[in-house]
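Structures for review follow.
In what comes next, chain A is part of two complexes: it sits with chain B in the first one and with chain C in the second one.
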Partner chain A sequence: MNAPVLAVRNLTKLFADAARPDAMPVGVRGVSLEVARGEVVGLIGESGCGKTTLGRCIARLLDPDSGEVLVRDVPFSALKGHSLRNFRKNVQVVFQKPETCLNPRMTVAVFVREALRNFGIVANNAEARKRLVELASLVGLREAALEQYPHQLSGGERQRVAIMRALACEPELIVLDEPTSALDVSVQAQVLRTLKDLQTVVGTSFLFISHDVAVIRYMCARVLVMYLGVVVEEGPVEAVFGRPAHPYTRALLAAAPRIKPRAVDPIALRGELMLGDVRLDECPVRVRCPLAHARCVEAPPEFDLGDGHRSACWLSADTASRSVSPTAMKAAS
Partner chain B sequence: MPFPPLLRYVLRRLAISCLVLLGISLIAFSMAYLLPSDPVTSRYPDITNEQRAEIRRQMGLDQPLPVQYARYMASVFQGDFGKSLGTGNSVAEDIRQRLPATLELATYGIVFGLVFGIPLGIVSALRRGRMTDHLLRVFNLGAQSIPAFWLGVVLIFFLYFQWRIAPSPIGRLSPMFSTPPAVTGFLTVDGLIAGKFDVAWAALRQLMLPAFVLGLGVVSPVARITRSAMIESLQEDYVTFGQALGLGFRYVILGDAFRGALVPIVTTVGFIIGNVFAGAAIVETVFAWPGLGRYAVTAITTSDMAPVCTCILLIASTVAITNLLVDLSYALIDPRIRHEYAR
Partner chain C sequence: MSADAPLFQIDGLTIDSIRADRRRRIVQDVSLCVAPGQIYGLVGESGSGKSVSMMASVGLATTGLAVQAGTVRFGGVVQQAVDQRGLKQNLSHGISLLFQNAKGALSPFLATGAQVGRVLDRQAIPRADREARISELFRVVGLNHADLGGKYPHQISGGQAQRVAMACALATDPKLLIADEPTTALDVTTEREMLRFLKRLCEDRGLAIILVAHNLSLVSEYCSGLSILHAGQVVEDGDLGAIFDEPLHPYTQGLIAAVPDVDEPHELIPIAGSVWGGSADIDRCRFSHRCPFAMPRCDAGIPTGIRTRGRNVHCVLYDEAAS
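Moving on to the complex of A and B:
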């Protein structure tokens, strides 16, 4: 396979709490990931684990403290000024709240046309109109909605408009930051189905951020599990969710409601996340992990469990083939 | 429904404004009546008590307040605002002569205030917390703290007496020029229409200082509200969305963020317009500007109550109409409000 659409190398972006300068800064710590062309990668984790920060750094809405973001081998994170602005169309974002990400003072057509016009994707109004209708049918939006204002649309329709605008400039990658979590469950299903169909038609890569196991399972081929700014487990969805190797993933799966009895033996994390308890050089999950033991005072590297399934837990070293991938070691150190 | 909803809304607002104006006229009139100064004594200081009583009777001042008010309002509705004791003309005539001067001054002042205030606010919001923002804040604080009468006098002293940059503060146009035929009442515009560019230029130079002093009071409130409204709207997701798309400054900052900030800005400007007309009195006095403000000040100091009442009514009407226009402009700015009105 040729160059990945997105490669994130050792990206760090931390936010210190101004009120408590001694507390551990939160954010993203040395995360690396790759998204291949046409691939849908999930990013799952609890609130505050840094998944949105990571998404925003990838879209250059935030500047990372260190590390780099490569889009088709172009160092997106190093671009500046005009070249940055022109490159932005390759990476698009769909935000969580559809009610705030649309300009309430523009009709859908005007709002989306801005994106089309800006990069000269369309030459004139007639062509723009044609493209708008195409895009609308692609995201399952009725044509009449083009002439309406956001407040006249339903939540699902608004999110379709946001997806439509992100799609308008034909990006290589769309970062979907919890695109359905603000929607009703029934609408969620419709929007997810649209997204999935859309993805197979246009072949754009997705980085799908969510805290919902079921949504990730439905949408993604590969998943990364984040906890407190680091990736604790990653791999194909069947492997990670079917044979979770990391205690945090197991707890996450155990916390998700399911109708059928779960195959994995459930464990639960202790207490709540207290930033003051976590020390930097140890495993971030240690304080809350029911399986924590002596080795956990040292931060574990990522152990390769085969087939791209990796887990950053000392215990997975015992269960796995014990082959430690050198790149993973380097990333974790 | 006999009227379209928006028109109904306008009519309802106009009706309310009329009630407000009626109330204001009552207050203004009673104030004039209750003030201890006697217009007859201040006009004719050396008359006997019998003469005074006779004049009072002739002027209808011996009647009870409600009767006087009813008479006054009856004549107001016929377009007769009484007679100014000071000028000897009818108030309507006096105002017709002076209104264009004030309107021209206020227009230039407000335009100056907006042209500087809005960009300053936008720059402050974009450079929030940086040096530029702090410097602009200091400038705003200064601009707002300096009283207009002091600044006016200082500017006249330095720019006219000392350095001879500004023309002498003797009103709208120096007597060296003949006034161009009135079309709009704005000397700068009338001069251009008449093709007398030297007259227009001279009128503009006369306007420069008073409009600057009046406009400086507009700059800082406009800059402050623009800054805070822009900071808020810059944090909107749709602005971030535009940035992520790589849209240019014109789209993201002016199209998305500034449009989002426009409602509070227009509201503030609406308030300010009322203030400007009231504040014009001071500036006009300092610069010997033959406008309404100075007319009102002279009338107040001589207890010439007919012009005072009329000026109060005029300023109140300006405020009422501005507020109505501001409310209606919301509908233009924001389609959500437009649909709300239409409901």
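Moving on to the complex of A and C:
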């Protein structure tokens, strides 16, 4: 297999609550993942599960406490100074709210041209102009919008500009952090369609972060489910959505609102995520898990269910062929 | 079914927004009808006028909005919506509101138990009963007063805050609860719990709820009636089952096709354009600029609710079918 565009190895980034030093820190605990060239990988989980933190560490907007991020086998997380600055073009981010990342005093053309010129992708303004028109048509933005300011555009158009800016750098990987959560359904459908078409044309790898399981199912080929900073289940979407192995994944899928409601409601978690209740050395889902039993006081390893489908739950042990590396809640050092 | 004894009925509500020299009709001729114990869904994209019409129907229209026409009927009394002050006075008992941002709705300076107590204080509850009532309200919303009553909003989770807001809303013993996107800020697992709880309240106490949402899939499981709003106009309303089984209005069809499905992924078909991208004229269909079936007649007027197959559809496509 060809080398992955992105490889994350054992990444940890924790935030302690200064007001409550004894409470469990939140963030990402020892997560590993790989994204192949041209692959769209989804990251789902509820708020506080560390999905955004992971995305930010990958884009080097945050520095991890430990672990490394490799982009095309270059240790991105260890780069410094000029080499870091030049390398940043390879990983770009699209955020949830385009308003916060667009410059209100720049027209779209000026704004995106900055990205083009910054990384020396175009030599002069004439070339930049040509590229801008190309990019606009790629993301489905009307050409007239290039001369407009962000406030003159609709929410969907602004998100297209953010995607266009990310694409302008010709990155290897784009981290999309909840790119459609702030949009209405009709506009969300437009933007998702654009992203999907774009992905097939340009072939850039996507790491798609979302809390909406339906959006992930539509967009991604492979998916990782996170809970409290660890990956509890991962695999191809058909496997994870069709035969969810982890009780948390099952609960998450069952809870998703549907146009055609399902008659049965098989599994539900108890209560809400309460950091105070969780202990570091046990399964993170134990306190809320309806299937929790004696073994769950010990953190389960990831069990391989075949085809890259893995689940970190003791109940998967019987169906799994062999266990992979021990995982889950590694004690925060 | 809801026509026999409506609890809450809005008729012909029309609201203008006045900003500087620009006047625009943001809600046009909106009517809906809720029966006791019913959960009624009000769905539309942002800017479609759903929150505005709800607020104006209980006398809380903000400055810059001018209610032009409409009546509100609650508990057998009919009132003019133009008289916002009168509405507010007469409806504040019997109707409660629940908002999206629960932590914003609670005072950061008051412990949660005290917030619920404040609502009770407005109703001259005897001192001796007060504490018992607060504990009872906490119990109803699924919280423990002994644990949480002394905590401040920043010390509790979003789901708990929404439940405290719920306890405040129930403290007046309302007949109708208007819940404006009550779960949008919550996680899906918490959202489901909250909505189930609301449904149980309706079944146990006969409370009616208007659930305002932008997400069609959210209302499908919990509501029995539904109104779909687009640019201040009702496009389709009536029995939820009938509408979801066979959506008739092109906008309803478009909304359903645009929502991704968890169980059976399908290609998404976006609706072109935006809510207010077309003409905002009064006497025409405001969806025609996004509509695949648009025809010249759409610019001429909008039929008022053609009754067919268990719902009212406001579209000229079905004009002949009815007559």
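Methods note: the second predicted complex is superposed on the first by the 313 of 333 C-alpha atoms of A that agree within 3 Å, B and C clash if a C-alpha of one lies under 4 Å from a C-alpha of the other, contacts with A are read in each partner's own complex, and residues count from 1 in each chain.
We take it that contacts are C-beta pairs under 8 Å (C-beta built on N, C-alpha and C of every residue); 3 or more make two chains touch, one makes a residue touch a chain.
Because the structure is a prediction, the values reported are computed rather than measured.
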Touching partner for A:308 - first (chain B), second (chain C), both, neither: neither
Which of chain B and chain C A:203 touches, first, second, both or neither: neither
Which superposed partner A:75 touches (first chain B, second chain C, both, neither): neither
First (chain B), second (chain C), both or neither touched by A:114: first
First, second, both or neither for A:253, with chain B first and chain C second: second
First (chain B), second (chain C), both or neither touched by A:290: neither
Chain B versus chain C as contact partner of A:192, first or second or both or neither: second
Footprint of chain A on chain B - complex, ascending: 236-238, 240-248, 251, 255-256, 259-260, 333-336, 339
Residue numbers on chain A that touch chain B, as the complex places them: 59-61, 84-89, 91-93, 95, 97, 100-105, 107, 114-115, 118-119, 149, 151-152, 162, 165-166, 169
Sites on chain A touched by chain C in the complex: 46-47, 154, 156, 184-190, 192-193, 211-215, 217-218, 241, 251-253, 255-262, 268-269, 272-274
Residue ranges of chain C in contact with chain A within the complex: 45-46, 157, 159-160, 187-193, 214-218, 220-221, 244, 254-263, 265, 268-271, 274-275, 277
